[in-house]
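Next, two complexes with chain A in common: one pairs it with chain B, the other with chain C.
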Partner chain A sequence: MSEAAAAAKSEAGPRPEILGPRFVPNGIFVRRIGRHGALLAGGGMLVAILLASIFASSISPYDPIAQNLRNTLQPPGWAHPFGTDNFGRDVFSRVLHAARVDIAIGFFCVLFPWIIGSVVGGLAGYLGGFVDTLVMRTVDTFTAFPFLVMAIGVIAVLGPGVTSMLIALTLSGWSIYARIVRAEVLVARKSDYVLAARAMGYSNARILLRHILPNVVTPTVIFAVTSMVLVILSTVTLSFLGLGLAPPTPTWGTMIAEGRNFIFMAWWMVTLPGLAIVVVGLALSLLGDGLADLLRGQGSR
Partner chain B sequence: MTLPTLLARRLAQLVPVLFGIVVVVFLFVRLIPGDPAIVMLGAYATDQGLAALRNELGLDLPVWEQLAIFFGKVLQGNLGTSLFFRRPVIEVVLERLPATAALTLYAVVLSLLLSVPLAILSALRAGSFVDQAVRGVTTLALAMPYFWLGLNLLIVFAVLLPIFPVAGYGENLGEHLWHLFLPALTIALHLGPTLMRTLRATIIEVLQAPHVEFARTKGLPRGKLIRRHVLRNGLMATVTILGVNIGWLMGGSVVIEYVFNIPGLGSLIISSIDSRDYPVIQGVALVFGLLVILINLATDLVYGVLDPRVSYE
Partner chain C sequence: MTIEAAPLLEVKNLSKTYAGRGAFLRSLMGRAGPPLRAVDQVSLEIRPREIVSLVGESGSGKTTLGRAILRLVEPSDGEIRFRGLDVRALSQKRLRATRRDMQMVFQDPYSSLNPRMTVRATLEEALRVHRMRPADQIARRVDELLEIVGLNPAHAGRLPRDFSGGQRQRIGIARALSVEPAFIVADEPVSAVDVSVQAQIMNLLLDLRDRFDLTMLFIAHDLSVVRYVSDRVAVMYLGRIVEYAKQADIFARPRHPYTQGLLRAAPRADPLHRSTTVAIAGEPPSALNPPSGCHFHTRCPIATDLCRQTRPLLAAAASEHLVACHHADHAVANWGASAAANP
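Moving on, here comes the complex of A and B:
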């Protein structure tokens, strides 16, 4: 990554000032600092969230699934910072415990499509010919379905649950990685270093893994990091629709779904668990933007 | 290349994708673990019911024949019979399509109204406080889940301040616009930021292009310069982003319809999961796939109209 960082520095050098002061974005320097700030802020927030989720049992004031039917639908206050739900359970404790499950699911839902899509795209680009055509038409087909419609269809077939969710999001997410990696491999395949490796008599597998892979992986990392927000939001949405984990294990999506039935009397059951998602989303998008700029080596956008 | 030739060629390119979509939709039901007929009809199904459904789906035939039959039916517009509504799927789907189309269109209009002025403001004062604030708000908006934002808008503008209706779709155009405002706004608050960011980046880029520099040198007033030379280029980027995001946009409308109880395709597919109405799930997925493809085709064609420089090879 040091090359990318160096490229970032050289590209951010003095820009031509021929345009007159009125239209030149004057914040280039400020924004570069801001970008690193974004990276640090996002990373910091994420570390804090991860720590909170790991030590959820010690931090949270109450048992997340212990019912207290004398204490239902209490508004937020000193005893219950996020209020209580229709079973008298402490919403704050439930939000903390849900974090671990939600973040873990989100992580794997990014990881699987990333690996599978990259492998398929890499093979298509490297092998070319019929394999390439077949893979790319399949990619076109999968990108035609709206993300959620695809996921809903798959979960309808396999039944709700974490495994189904993982399969659904992998099936609807892999195609973009395949497309990115294939395009990169097509370029790399014609490069001098691959020609040299081939002249040395290396096997296809070795060329792909040792020579091409390190050179094509960066764009997929950028995409994976920036898409993490959308993936987390999608998994939460699927849980909200009742297609993820079954109760009583709290997840943010199911908590909001339960709160939806009490929207007229207990806004905190909907609004406050969602705040947790917003905080995670914000952390991830700050981190994603910062990392993408660092790897891509530009200060604009 | 003339437009008809172009259209013909693009349509020919679509054939494999259309084929793929039908295959994927076909597999939805065939991949159900166990006996699809039992899963679809539930544990209390009668033997006659099961036999009839197996016969209708052709489950006793080899897979290739099943696919061929399915294909033939789809080409005739026959998507099977809904297990829940006991009516042809195509009828049920077409009934629900207008609400989804209206919601999507409404959301696109609202997001353009939101994002275009903000993008211009932000781009012309890039780096300023206004720019930073607008960018901060868009980042925040993108970090929110659709459905949560919608529920909060409901809490504030329908429950606490009873301005808008809580649910439903209304009877006539005026009522539709009124009922769909909050749901469309929810989607717009998500789509808007993406549009805003791209448009802002494009405007900043165009502002530094030689033709804009020339126009400024010859003394064109600033307002005219922006309208005539900058915005037209920005329009192209906007169309691209709308085309790219159309699938995502429609997926989002699925959840929003569910949240606001709008009788569209999205709420249909979700209620069909509970009732295990697989033919309807297939039908909705097929229609969504087709719509996305057609809209992308339309986007490609609009390019040529908006930008004479685009020649289709």
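Moving on, here comes the complex of A and C:
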């Protein structure tokens, strides 16, 4: 793409001088793709990954949990593109199926903290005073709590599983959204359009939900997309520690945890699920960057 | 005029005081910082269908007074009566309903519109919340409002960023009109737009006054604008009103030395005219530490000891001409003399 863009640019370069400004739109078009490049690349990668995970059962050549003890620890090859693990399971099929679980958990573990944090932070910033103090000290408390200690505590009480993981990650994640939204609301609250809304006699709930929140969510959306990578890594950590899902279900974290015992004999068992995490992380980072550019442009005059 | 119309809006001794900087810490240490008196015991009456201009330098408290009247900033003291209704006594809920009758047009057309709401959404919201029209007529009313302020209803689906400053100011005016108010505070509605657009906006406001029997408090710092739109003019200095009279009287026979200075400072469209005197000497004093007595005595050419000690009250100097100056007679005589010498 960059080659094509460069070619188009070098072609578009001399043209305006010869043919006048009518040919400039061509240059703008090229630049526009360049500007949204991160968004398109990240979005495209994510769509591909999502499709692959949704149709994992049809794409993957083997059953992800079917063991074949005569065919263990095979290196990557034509029959098994990612090799096989110590139980003879196809690593490629397992990576594809794990994507479904990991991405879903990553999504919901960002969604819930995002909603809770935005509403709580919005209220704190808008109402101010005692509510603000109470909320922000609570936020401080949660921020000060080490993530793993909280996660282990929650999972110790509730037992391992998707729900406990969701609760643990929501408890540790909401406070940062509350902080971001509160800071943005403090600025928006003093703006003329909020004063205008008060002059129109609108209720506090309406002003907060219709006039303030839509104008302050942009940074949190960008942060949410970018932090989904970190959340997926956290779920990997939890799975690695045995606090995630029960073993037969493939997740990238459990695959890496199981593979580490064989790291010198079968590098593919650890490396290739790890690569999957890197690819998803890259896709989400690009998407986050692209969204940041796009939404920032939209809010301006 | 034998029968005086009852005033639509009466403001009595209205004050807005802001606690001094670091007031909390200093009060802990037993030394409270000086409070800032943004609006200092202001009294004002506005009659129905009247446009009253409020002029003064920046920092004189014009905007705060306008917002305090609408209780967009909570006044510290004093009385506001709108159609006899005690506005300060209203509960938050009643106040929200009363906002329908008292609207505001903002100075900055760029920041006063929600950047994420289309023009249609902005106007529809106002119509819905205050139940101005049955649901099936709301869309048509939005078109009507846009036509009233001179915008094309076909553009209602656009966001504020798609409009120019003048157009946005029209949207702001349409929003204020949507709830069919009786009274509008227009806070420097033309200061932020191009000179070429200023006249259009002012003409629009005058038209609307005639068409909808509006009463307006028009906040401005540009005397040529004030001269064009107002019926009466109130001049503010450091939080106090120093003169309040009919527009013609203010411009022809100003009785307060500060008003006289403002008029002398206003540029004239006369290339042969050369200003010979400094209009107002010195800088405006800090509002945190205003001068004693008459706030203007530090810059006043005719100040005496009396001015340094006693605050002059706003009192009638002639029919419908209020002035807060101990030496208003002296000042008006000076003005007459200089006008005679310098026609």
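Throughout what follows, the second predicted complex is superposed on the first by the 256 of 301 C-alpha atoms of A that agree within 3 Å, B and C clash if a C-alpha of one lies under 4 Å from a C-alpha of the other, contacts with A are read in each partner's own complex, and residues count from 1 in each chain.
Going forward, a residue touches a chain if its C-beta (ideal position, glycine included) is under 8 Å from a C-beta of that chain, and two chains touch if they have at least 3 such contacts.
Note that the coordinates shown come from a computational prediction; the quantities given were computed from them, not determined experimentally.
**Q** For A:G281, decide between first (touching chain B), second (touching chain C), both and neither.
**A** Only chain B; A:G281 stays clear of chain C.
**Q** Of the partners chain B and chain C, which touch A:T271 in the superposed model: first, second, both, neither?
**A** So A:T271 only meets chain B here.
**Q** See if chain A has more residues touched by chain B or by chain C, and give me that chain.
**A** On the superposition, B touches more of the residues of chain A.
**Q** Determine, under the contact definition given at the top, whether A:N215 touches first (chain B), second (chain C), both, or neither.
**A** Only chain C is touched by A:N215; chain B is not.
**Q** So, does A:S191 touch the first partner chain B, the second partner chain C, both, or neither?
**A** It touches chain C, and chain B stays clear.
**Q** Looking at A:A199 after the superposition, I want to know if it touches chain B, chain C, both of them or none. Which is it: first, second, both, neither?
**A** second
**Q** Look at A:A183 in the shared chain and tell me whether it touches chain B only, chain C only, both, or neither; answer first, second, both or neither.
**A** neither
**Q** Tell me the contact category for A:I152 with respect to chain B and chain C: first, second, both or neither.
**A** After superposition on chain A, A:I152 lies in contact with chain B alone.
**Q** Determine where on chain A the residues touched by chain B overlap those touched by chain C, and list them.
**A** Overlap of chain B and chain C footprints on chain A: residues 300-301.
**Q** Tell me, which parts of chain B touch chain A in their complex?
**A** Spelled out, the residues of chain B in touch with chain A are 16-17, 20-21, 23-25, 28-29, 31-33, 124, 126-128, 131-132, 139-140, 142-148, 151-152, 154-155, 159-160, 197, 201, 204, 207-208, 213, 216, 247-248, 250-252, 254-255, 258-259, 269-270, 272-273, 276, 278, 281-282, 284-285, 288-289, 292-293.
**Q** Quick one: in the complex, what on chain C touches chain A?
**A** 67, 70, 72, 95-100, 103-104, 106, 108, 110-117, 125-126, 129-130, 161, 172, 175, 179
**Q** Taking the touch rule as given, give the residues of chain A at its contact with chain C in the complex, in rising order.
**A** 191-193, 195-203, 206, 210-211, 214-215, 299-301
**Q** Name, in rising order, each residue of chain A that touches chain B in their complex.
**A** 18-20, 23, 25-28, 30-31, 34, 137-138, 140-150, 152-158, 229, 233, 236-237, 240-241, 243, 256, 260, 263-264, 267, 270-271, 274, 277-278, 280-282, 284-286, 289, 300-301
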